[in-house]
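Across the two complexes that follow, chain A remains constant while its partner is chain B and subsequently chain C.
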Partner chain A sequence: MASLTILVADDTPTDRLILERIVRAEGHRVVCAGDGVEAVTLFEREQPDLVLLDVLMPEQDGFDAARQIKAIAGERLVPIIFLTSLTDTESLVRCLEAGGDDFLSKPYNRVVIQAKIRAFNRMRHMHATMLSQRDEIAHHNEHLLQEQAVAKQVFDNIAHSGCLGASNIRYFLSSLAAFNGDVLVAGMRPNGNMMVLLGDFTGHGLPAAIGGIPLASTFYGMVYKGFSMTDILREINAKLNTILPVGIFCCATMVDISFRKQRIKVWNGGLPESFIFRRSTQQIEAVQSIHLPLGVLKSKAFKDDCLVYELASDDRFYMWSDGIHEARNSDGEMYGEERLRDVFRANDDPEQLFNSILGNVQSFVGEEEKHDDLSLVEIRMEPPQLPTETAGAPVRTLQTPSRTGEWAMSFEVQSRSFRSFDPLPLVLNVLAEVPGLRSHSNTLYGILAELYSNALEHGVLKLDSTLKNTAEGFADYYEQRDQRLDDVDEGFIRIHVCHTGQGEGGKLRIRVEDSGSGFDAQPPRQVPNVRAYHGRGLALVERMCDAVHYLGKGNQVEAVYTWNHDDD
Partner chain B sequence: MSSEHLDRQLLEELEEVMEGEFATLIDTFIRDSAERIAALQKALASRDAEAVRRAAHSFKGSCRNLGAIRLADLCQGMEHQSAQGQLNGQENTLVDIQQEFSQVKLLLQALV
Partner chain C sequence: MAITSHLTADGSTLNIVIDGRFDFSAHQAFRAAYETLPDRPEHYCIDLEGTTYLDSSALGMLLLLRDHAGGDRADIEIVNCTDDVRKVLTISNFDQLFAIRPH
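After this line comes the complex of A and B, so read on.
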């Protein structure tokens, strides 16, 4: 046992002498006091680890000294052992109330004293360990809260950059919603539609909050550019599917509201059913979840079909996380959907619905309970007044569709790149950035791929497509293709893309030009020769496009693709 | 009331515990006890029962520690009487205490 400093306070000199001896024999340092006042003074000066304190002393008795010593020691555990030959219960209780931890009676027994000192020293150590662990936990906790505050700020900057402050939206979110995994984003599309997404990530704390950031940034990045709801949902789903670990996903409801057409499109994946409240009938219509949550499925399996509802002015749409349904009262009973429906039934002023729901849930769970896990959104079918200045919001002007994008691009692949470089993803990426065109990506890829491979194989590499008529020829064809790709040191392929806006959609001209000799020997309109030059896949391109033209000496093909924005 | 003046076994242990300072302890006890008996006498003369009780209690403790069992018992008797406010006849007990102390003093000095 390490050496301790022990204060002995006793007014009887013989008792002090004996105690001092016994304690010193154990290797401890002893400081002695002859009365209570001296004991307190010495305690302050010497900071002893343990105190042996006589009850009856002149000047100040042991009870008062003990109280002062405990006050000075604060949260440090300094055991006080009372020295007493008092045996009545009342006196012993007074000792304990004054802060005493144990008693020693006279005559002193060396073995007992030494055992007590050891026992209290162990307790002292445990107490010190506990204090330092408590401080460490407090420190970690503070650190965690700081990190959460920073994370929340980053999150809020991203998530709240939209139009949540619009006049037709009311919402309730806990201040720590992000750490409950709840996220709410709202933004205006260039065409004046409003998009709102309420998400509820599985889990709690930072893991639940972290998915909210890519969700929100993808949402805002795409809404303002005018992408459709299905495009946005697909993109968010794909992102979350890629970045979130298995088992973490996002239950979500997303709506696209056209105030012009008084129509609302709803996609619900995994959240409780949303309600449409119709003012004329005072009835609610439930919109059930018919999809899996975001982040669960790979892109291929993801379903983006939405439900469309016609609404009248001042009809209301309600969505919520399961926090309302699962709110529990003091008996552990859940609030449930029926109570929610009752609020709507009982209501006679739609303007009060939002507050009624919140109030009803609150009184159900009891006033003391906190609504940490409850998210509620109300959207009215009424063109919104937007807050003039939302912190950090990108400046957007709402006007009629800005889809009349007129642009063109040209792209040339040179001989040494043919083998290693595939220009199609790059071109397709650009096309997919045109709002409305993304959903045509598959078709556009088909067209581009066919035109490009024709230009490469027949125009640049001068392969004969008739070779492919027989099985041996087929193998031979690809062998030659491979060889010529290695050898080719001249030639080019140019891809020109030209876009013009047209109504709700646009017209895309894709022209692919190669450095080959074309088929100028034959008249271009003679279909069999065109086929011989361009390969059989061209029929497919013709079916996919509005028109296919052959230009120049036949080394240029232009496909015209007209598309409509099928999303409103 | 104990027939023995001293607890011999306790004193042997005490001698062991005190090592070279046993004589000092005995010496201190004798001087301190004389003071305490004087204090008892004074408290009794002033008819202050609480002061008598405290002085007797305190003296009893140091007697126990030194193995002066009979002396301790006499103090305890005085403590109990005065706790009940009873001072009559305590003068006799004080005389007993003085006599017993004289005995103990001789016996203890013989040990050193």
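After this line comes the complex of A and C, so read on.
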């Protein structure tokens, strides 16, 4: 045991001396006081670790001295052991009530004193450990709150942003919890349509909120470029499906609003039904969730079909997270859909609907209750006035990029790359950046793959497709292909892509040129005998495109692919 | 590309499942799936649910299987094909040779 400083206060010199000797023999430093006042003074000056205090002393008795010493010690634990010859219960209780931790009866027993000092020293250590851990926890907590405040600001800038300030949008997102897992993003497409997505991630807090960041960045990245709602939903779904753990997903409603056509497209996966409020009839039409939430299904199984509604000027669209329906009053009763419909029935001024809904829910829940995941959005069918500067959204929001992108690219694969390099994914990636072309990816891949195989196998590797007439030959063909790929040291394949915009769609010319001697092919080619093992490649391409041209000496094949993309 | 195959317990049906791109690179694996069997099963079922794309050489491979399985007497079903895969099969009139069932 480390040496302690121990204050001994006793007015009887012999008692004091006996005690001092016992304590010092244990290796402690002893400070002695003859009365209560001196004890308090010495306590302040010497900061002892433990106090042995006689109850009955002149000037100030032990009870008063104990109270003062405890006050001075503050939250530090300084055990006080009363020294007393009193044995009546009342006196002993008073000792403890005055702040004493224990008492020792006179005459002193050396063994008991030593054991008590050790026991209280252990307690002192525990107390000191507890205090330092408490301070550490408080420090960590403060740090965490600071971090959360900063993270929340970043999150809000990302997840509640875009053109939410537009004149035709009103929204409420309760901000009581640092992160509530609700995401609201809005953006303008180059064609003047507005897209809004309200999402509600499962769970609460940081794990729920974190998925909002990839969702929002994908949304903004694609809306401003003009991608269709189905492309955007597919992309968000794929991203969330990949990054979120099983069990965390995002219930969402997304709308694409064409002010020009006065039409609204809705996709609802897992949120409560949205309402369309028609001004002319004062009636509501519910738009139900017909899909699974975002992030649940693999891309292949994801369903992107939307519901389309014609709206008139000043009609309104309402969407919400389940926070409204599930808001509870003090009796634990839920707000539910009927009350929501009642608000619409009772309303006589559409302009007040938004505030009525919010007010009604809040008064149902009661003032003091918290409703920490309540989100409500109202969108009016009216071309928006956009705020000049929108936090979080790129400046290009308000630009209108040209729809008629005209560009061309050429790409050459050289002989030593044939074995290891597949240019198709790269070319396809470029094509998928054209809004509207993404949904044609599989067909485009098919066209590219047939043209490239053709150029490689016949043009460069000079394989003879009649080999494929028999099953054995079929295997030989691919063995030879493999062999020649290893040996090839000359030749090239060039892929030229030329894109022209046309109205709502465009025209793509894909020309694949090889270094071979060409072949004599006049379109249209006949689809070969249905039972033949080979010879279908170019026939397939001809059927997938608008036109196929054989150029040069037959070593260049050009496929023309036109597409239309009207998804206003 | 990944090809898995299994024979039903009674040995009557061979299921072949193709994931990813079904193109020339699948040639050996696809052939091995049916050629290594000691007895020829009565039915074949090609599951293309996970097939993202099918090229003209894959069409040739399907025909090789068909001839191996008895030509015009072969009993081969192609199931779960996506719209894009189905389109390629239809363009080539494969519905005349195989029982094609979409999703």
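As a working rule, the second predicted complex is superposed on the first by the 401 of 568 C-alpha atoms of A that agree within 3 Å, B and C clash if a C-alpha of one lies under 4 Å from a C-alpha of the other, contacts with A are read in each partner's own complex, and residues count from 1 in each chain.
Heads up, the rule we're going with is that a contact is a pair of C-beta atoms (placed from the backbone, for glycine too) under 8 Å apart; a residue touches a chain by one contact, two chains touch by 3 or more.
Predicted model, so just to flag it, every value in this text is computed and none were measured.
Engineer: Look at A:Ser85 in the shared chain and tell me whether it touches chain B only, chain C only, both, or neither; answer first, second, both or neither.
Structural biologist: Touch partner of A:Ser85: chain B, not chain C.
Engineer: Once the structures are superposed on A, label A:Phe474 by its partner contacts, choosing first (chain B), second (chain C), both or neither.
Structural biologist: second
Engineer: Determine, under the contact definition given at the top, whether A:Ile22 touches first (chain B), second (chain C), both, or neither.
Structural biologist: So A:Ile22 only meets chain B here.
Engineer: With the two structures laid over each other on chain A, which partner does A:Asp11 touch: chain B (first), chain C (second), both, or neither?
Structural biologist: first
Engineer: Go through the superposed model and pick first if A:Ser453 touches only chain B, second if only chain C, both, or neither.
Structural biologist: A:Ser453: touches chain C, not chain B.
Engineer: In the superposed arrangement, does A:Tyr108 touch chain B (first), chain C (second), both or neither?
Structural biologist: first
Engineer: After superposing on the shared chain, does chain C or chain B touch more chain A residues?
Structural biologist: After superposition, C is the partner touching more of chain A.
Engineer: Now for A:Leu56: first (chain B), second (chain C), both, or neither, which partner does it touch?
Structural biologist: first
Engineer: Counting only touches as set out at the top, which of chain B and chain C does A:Arg543 meet: first, second, both, neither?
Structural biologist: Only chain C is touched by A:Arg543; chain B is not.
Engineer: Using the superposition described at the top, list the residues of chain A that contact chain B and also contact chain C.
Structural biologist: The answer is that chain A has no such residue.
Engineer: Name, in rising order, each residue of chain A that touches chain B in their complex.
Structural biologist: Residues in contact with chain B: 11-15, 17-18, 21-22, 25, 56, 85-86, 106-108, 110.
Engineer: Touching residues of chain C toward chain A in the complex: what are they?
Structural biologist: 23-24, 27-28, 31, 49-50, 52-53, 55-57, 59-61, 63-64, 67-68, 82, 84, 87-88, 91-94, 96-97
Engineer: Under the stated contact criterion, what part of chain A meets chain C in this complex?
Structural biologist: So the residues of chain A in touch with chain C come to 300, 442-443, 445-446, 449-450, 453, 468, 471, 474-475, 478, 481, 527, 530-534, 536-537, 539-540, 543-544.
Engineer: Can you check the complex and tell me which residues of chain B touch chain A?
Structural biologist: Residue list for chain B touching chain A: 7, 10, 13-14, 17-19, 21, 24-25, 28-29, 32, 54, 57-58, 60-62, 64-67.
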